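Working notes, beginning with the structure itself.
Lettered A, B, C and D in written order, each chain numbered from 1.
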Amino acid sequence: MPLVEIENLRVSFSQYGGQVDAVRGVSFVVNEGESLGIVGESGSGKSVSCSALMRLLPATARVSATTIKLDGVDVLKANKEDLVRLRGRSAAMIFQDPMTAFDPVFTIGHQICETIQAHRTLSKRDALAEAEHLLLRVEIKNARDVLNYYPHQLSGGMLQRAMIAMALSCRPKVLIADEPTTALDVTIQAQILQLIKKVQAEFGMALIMITHDLGVIAETVDRVLVMYNGEVMEQGSVAQIFDAPQHAYTKTLLASLKASFDPSGDATEGAAPALELRGLAKTYRVSRRAGLRTSQSDFHAVRPLDIVLPRNRIVGLVGESGSGKTTTGMMAMRLTEPSSGQILVDGADISTMGPAELKAFRRRMQIVFQDSYSALDPMMTLSQIIAEPLHIHGIGTTREQTEKALDWLERVGLPRNFGSRYSHELSGGQRQRVAIARALILGPTVLVADEPTSALDVTVKAQIIGLLKELQAEMGLSMLFISHDLSTVKSLTDSVVVMYRGRIVEEAPTEAIFANPQHPYTRALLDAIPVDNPRDRRERSFLSAEQLAAATPRFTTIQTGATPADTPQLVTIAPHHRVEALVTA
Amino acid sequence: MTTEPMTVTPTPAYRQRSPLWFAWQRFSGNKAAITAGVILAILILMAIFAPLITPAPPEAQLFLTEALAFPSAEHWFGVDSLGRDFYTRIVYGARVSLTIGFTAALFSVVIGIPLGALAGYFGGKTDWFIMRIIELFSVVPPLLAAMLLGALTRGGYFTIVLIAALFGWVQVCLLVRAQIKAFREKEFVRAAQALGASPWYIIRRHLIPNSISPIIVGFVLAIPLAMMLEASLSFLGIGVPPPTPTWGQMINEGIDFMFFYWHLALFPTAALAITVLATTLFGDGLRDALDPTLKGR
Amino acid sequence: MLTYILRRLVSVAVTFIVVSLIIFFMMHAIPGGPFDGNDMPVSQAVRDKMMAQLGLDQPLYVQYFRYMWGVLHFDFGVPYQSPGETVTQLLSRAWVPSLVLGGLGVLIGAPLGILLGMAAALNRNTWIDYFASTLATLGLTIPVFVTSMLLILVFAVWLNWLPASGWGKPERWILPIIAYAAIPLATYARYTRSAMLDTLNRPFVTVLRAKGLTERRIIFQHVLRNSAIPLVTVFLPMFIGTATGSIFVEAMFRVPGLGAYFVSSIENRDYPLEMALMLMITFMYCIAYLISDVVYALINPRIRVGGGQ
Amino acid sequence: QTTIVAPGQSTTGTYMDYMKTVYARATFAEVLQVPIATFDKDFKLTPMAAESWSQSEDGLTWTFKLRPGLVWSDGEPLTAEDYVFALTRAATSGYDFAWYWDFAGGIKNWKEVTEGTADVSTLGLKAVDDLTIEVTTNAPKPYLPSVTSLWYPVPKHVVDELGDDWALNVDTVVTSGPFDLESWEKSNNSVVLTKSDTYTGPWQAQIDRLEIDPTLGAPEVGLPAFLAGDADYSFLNTGQVPVAEQRYPDGIRKNAVFATSYISFDMDSEPFNNVDVRKAFYYAVDRAELTSTVLKDIAIPAGSILPPGYPGYNEEVAAEAVFDPEQAAEHMAAAGFPGGDGFPEIEIWYREEGGYNGAIIPAMAQYLQAEFKEVLGVTMNIRVLPGQDWMQGLLNKENNIFIAPYEYDYLDPSNFYGIFYNGGRHSHHVDAYDKLVAEADSNPVWEERLDLYAQAEQVLIDNASIVPLVHPITIAVISDELGGDAATPNELGFTPLDRLAHYFFTHLTKQ
């Protein structure tokens, strides 16, 4: 008997002013131990289908299906007790938006423990130990501390991993993973995928993997389902889909993998860089609890670093999850107050400016937040959200503002009638595009884009990146592009900064870094890029922090011109190529 | 492979709707709220057009011989101890009680929201200062303040309205402050900051709409609290001076008669309860309507 | 932490001083003294004599500083209406019934109100919701003294189940506690309903469901805690509100508590007692405020005691 | 053991000592001590501590002979010295009832001593021996014995030791009267009294315990408690009368309080400095309608300052107060306000209080308001003030029209007439009146006095100094277990209940 059996699933959302048919007649089956991948365009109904399977849709949703069975139970007819039993035990879900998925007022540890205890009879202590173990397995290094952290103290990737740990802690029969690795850097992503596969083998768990990352699909699943606009386009084994795509959409999907972009135009030489960070650092005070006593300690989220973003260039910022990329971006925008350092925009130091002076700069510098869900005001319609920058800066009449907002909705690939929707009525990728539209509508010259495409499928991503490129050419946009998606970084950026544990470990023009990575972490990162061909599955080696430290490159004073020291420092080894290294005499 | 799946079915002619339109749709679907709204409207109209719908002036002791008569076809709510038509008194009583209630509620919004927003958003010294003001107003219970002020100014209608207004805002202010404190760290507020929005803009466009539900509850609660204050003051004998009819005063007098002439206590209490119930349900409906994230139709 | 405590102490001190100033001068601004207002006026000579006995012949500011100096030494003076004891003794005596009844009223009313509000929120726009709304509204609109009277009439006079009034045996507490509980119950029911509705729509609730937690746990632990902010906020004014509620409840149920003193100290121009009562409320407020701040921080990790951005 | 639970009046009380403070005394402090004399339910003066008294030839000196064998509850003998001490202390230490002994008692040098201009030894009081008191007055005071109904002894031997504090504590209070103090709850001024076993005088208590709880004083609290069996009697307000009558047809007791509610004016300023205006108000009150409708069961019309049944009550004088709208209108016109035109808006002030006045005055004020509007065309607002403020307003003439209630303090016409005497509570100065009253006060011949008082009242009426309104009636319901003389009505059909505390509590029985 199949574990999951869905036939002719239809989901529609009723709204004032219309009805949204999100899923129209989807059918699929998952057997025990099997892994099914679902790919598809953003907004095609992937998340909604899976939520329907667990009966987690809001009350506005109307669900109908010929059969929709989970573990032999008809989900639509299940009563409360059945549901409690099914959820978590028969099926667990990794949600697409990890940053809003945690209860903000309980610690991570508590939330994982309670999940464990809901399904297994374990003492509190054992559950905590298990939780810590799970966190370690998802590569959260300071697991013991993190257990006592509240969700807002974790980075996006860390939350995602905590979410995965939580889902795995249920030991479900089928794991539904909705874009589980979007916020993770490739090294960790690879590890997580391996972990999932291992657990799958261990417990005979089935897997439904929703993703837009064909590399992930290639590496993890047996069978693939392609969705488009609420319908299943085609189904087949991985090899079948990759080698002999039947459907036009599948073909475009595969084709867009190979897309590349023209390099940026010339940087305006001589002029001050669009954005320059000098010695910027951020330290958080965190409290650590030991029994009843709490002690305060400093956590260096970002150590003093310098980054230069020349005009009309795109600088990629990559690095391990939790390495301080978001924090850096937020500081550059003066949204998080830096502990020290300066921020220069077009040569002007904005780090000490008051709000009035800053307002002029705000118009030119924009940010796309990593967590697009919480970055959108839940009380506003999309057209209001997108028009808001115009409203704030008093550009045009209300009518014009709305009109322009709707135009931008289209430019990011959303129909105009989304204008009167609210953010909770969108799919993950749709929200992300709204956030991008809002950031771009003012025509900024500096953009910090924090994982702007993490929730987008390849076709839409290509469209968005095309849009960014276009804008760059059009109005000289300079961009700090924070991303885990190395292939996008490779094709889009001019130079790349690699961060690791709050420090810059390497910085170089894109070609140089991809061709000749110097730092061991950079190398590990590049090694870990998932393949986009199912036949190329390969084993990778991972480096622990100690291994990394041991492998730190060594240079002599003569090579670099730097003074020797016991601790690693950034040294210039080629024009525009800096790397963290130990300098010996 | 003939169909081209990439073409999206052309979207039907699209009308941009304002959020208020949706709010109205949601509100109008709520029968209880609509009923409550209608009742409120009727009450207000009754208060305004009192002279037109009552048989006698409220102070006229036309029915002294029938004093304390029970409800009848002639005197719908009976006659009070001073020979006045009780229905008339109730209708006129709405004027005072509604004014007191709504003034207090209005003030709670006019003073409470901005102050709470300031304190919650800016924190630090502003917060400290505003909290001290709030403390002053909440440390001295409104009733005692009313007694003190009443003794000082010799009481009267305006003193009571003033006190209801002066003390009604504290709750809303505290609520707004707390809510805004909780929301100001949210990403979407940061997003607005990143766009260069001024604090006032953020407070107005983001923080207050997101705090709407405690605000409405606070606003709606301010009304019965103020009316209750009036009634309590009447109980202590320092309410609105007679013969101006007020529900609080009538309830208070009604208590003396409750053992036998039940109508003198029942009608004013019922009037108060109906008004407040209507306001509450209306407020609930408003709250639900203004919250687009609410699931379900 | 230390600076936090210091800052808090400064605030308390400031509030104390301002309240004492306002109340003191307001009290004295009200015409008449403790010996006026009887059927026949006392002659000026007698009046002067009596005023001098209480030290009321001194200039106001002297009286104020004298009083506050006493307060600094925990000496709140001697109440004019009860010269046999100090204000402190009087308060500590009268305080007990008020605290027991009022406290139990809030402690019983608030949780019940929360439950009622939860029931309303979870069954939005059903008869349960409307029933809860109506109940809460009645609690808020029927003045305490009417409620009290009704309770007495029904339970003591008609049904003869409980004693009508008085103080002493716990069965006499039941009716006043019910009367006290009405307002917290109603207020909390209103706020809980609205706060719960807000929280229930947050995405994390879906996640909690997906984890297979029982609905009960989700509601009582997660949703409730997330909804607690407004609940903590309104606790303060309500706590103080019970103090004035005691005026009515205690009068109707003949409880020898503080209530009557609120009125009599103003009416009789009993300056020391009035000041002490006000300062006591201030003190209670400050404590309640402190507690609510700590509770805030406990339930909302983003607002940390002492932290503060 | 018989215990009676009775309502009290004031929930606040300071000293358990009538001679220290009257207005702030603890509940029924007076029944703990034995007065010189007191009234029975027919308002006949009965000797209590005194056995007899006599007046000197010139009428200025009274000699009281005390009953031998009276003791304090601690065993000490009760002597004349204790009575004299009570008043000398009151004269020197600030006594809120001090005015009484000047104004009613007319004790020689009382005024000078209280004001500190004469030495206490010059006071007209002397303990001749242990059982003889001599009182000297400024002028002949024919009614002095009835004044002594408020003269209680103070245990000098205890005060010498403890000072005034003796009356603050259950343990240190010693009594000389029919009751002993068992406990005293200060937060609501409730007391428990027990039958005294040392008291040897007349009127011994017939019950064992008496619990007096002032929180039962308000009818809205008292009646439910009574109905629930928690109290033995309760006063009633209008609304409660039907229920009580229904349930306890034999338990209803009425009492004509010797009290009067009247309107008083500030006669020194506009518009009430015009006698026509005052007269108009005098004639504009329909007392019969007022008491048959609004104040049904709780008041009777008042035509004069003295209530019916009170010594000196004069029916003819009372009959002058008629309701005559035409005459009222004429007076208004004569004063230049035809139909009320041009008459300023006025505000009548009354005192916020409980008891029978609380039941009457607010309703009456509203009735008057409507009536003055109708009859005189005058707009009158109403303001209720706490006792303090009201009295301040009256004394300092902060307002021009008041509703004033007054209840007798001792049973003599001089009591009521005294309140309008120069320097009384109204700062009312009419020379002719003052002369007549002074003369009457000191005239030893009762009939002559009556005549003089009637003339004085006529001056008040002609001057329209006051508008008498009503005399309150109190209604109470008593349980059928109560009996004794105190529970049965007097000749006039009234039952004064605790208005005559000494009589009532000692003549009450319970099954």
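Everything that follows uses one rule, which is that a contact is a pair of C-beta atoms (placed from the backbone, for glycine too) under 8 Å apart; a residue touches a chain by one contact, two chains touch by 3 or more.
Please read these numbers as outputs of a predicted model, since none were measured by experiment.
In terms of C-beta pairs in contact, the better-connected of the chain pairs A-B and A-C is A-B. When every chain is reduced to the mean of its C-alpha atoms, the one closest to the centre of the whole protein set is C. Averaged C-alpha coordinates give centres for subunit A and subunit B that are 46 Å from one another.
Annotation: 89 Å between the Cα-based centres of subunit A and subunit D. Computed from the mean C-alpha positions, the centre of subunit A lies at a distance of 50 Å from the centre of subunit C. Here the CA centre of subunit C is 39 Å from the CA centre of subunit D. For subunit D, residues that reach two or more other chains under the stated contact definition are 220, 386, 389. Residue positions of subunit C with contacts to 2 or more other chains are 30, 149, 153, 201, 266, 300, 302.
Shared contact sites, meaning residues of subunit B that touch two or more other chains, fall at 151, 185, 255, 258-259, 291, 293, 295-296. If you check the complex, the residues on subunit B that touch subunit C are 30, 32, 123-124, 128, 131-132, 135-136, 138-144, 147-149, 151-152, 170-171, 174-175, 177-179, 181-182, 185, 213-214, 216-217, 220-221, 224-225, 227-228, 231-232, 235-236, 248, 251-252, 255, 258-259, 265, 269, 272-273, 275-277, 280-281, 284, 287-288, 291, 293-296.
Interface residues of subunit D, counted against subunit C in their complex, comprise 11-15, 22-24, 93-96, 98-100, 103, 111, 114-116, 165, 168-169, 185-188, 190, 213, 215-216, 218, 220-221, 224-225, 227-228, 230, 386-392, 395, 406-407, 419, 424-425. The residues of subunit C lying in touch with subunit D in their complex are 30-33, 35-43, 45-47, 49-50, 53, 80-85, 90, 93-94, 149, 152-153, 156-157, 160, 163-166, 251-252, 254, 256-257, 260-261, 264, 266-269. Those residues of subunit A whose C-beta lies close enough to touch subunit C in the complex are 51, 54, 56, 80, 83-89, 92-93, 95, 97, 100-107, 114-115, 118-119, 150, 152, 166, 170, 285, 373, 424.
Partner subunit B is touched in their complex by these residues of subunit C: 11, 14-15, 18-19, 22-23, 26-27, 29-30, 124-125, 130, 133-134, 136-138, 140-146, 149, 153, 187, 190-191, 193-195, 197-198, 200-201, 229-230, 232-234, 236-237, 240-241, 243-244, 247-248, 262-263, 266, 278, 281-282, 285, 289, 296, 300, 302-303, 308-309.
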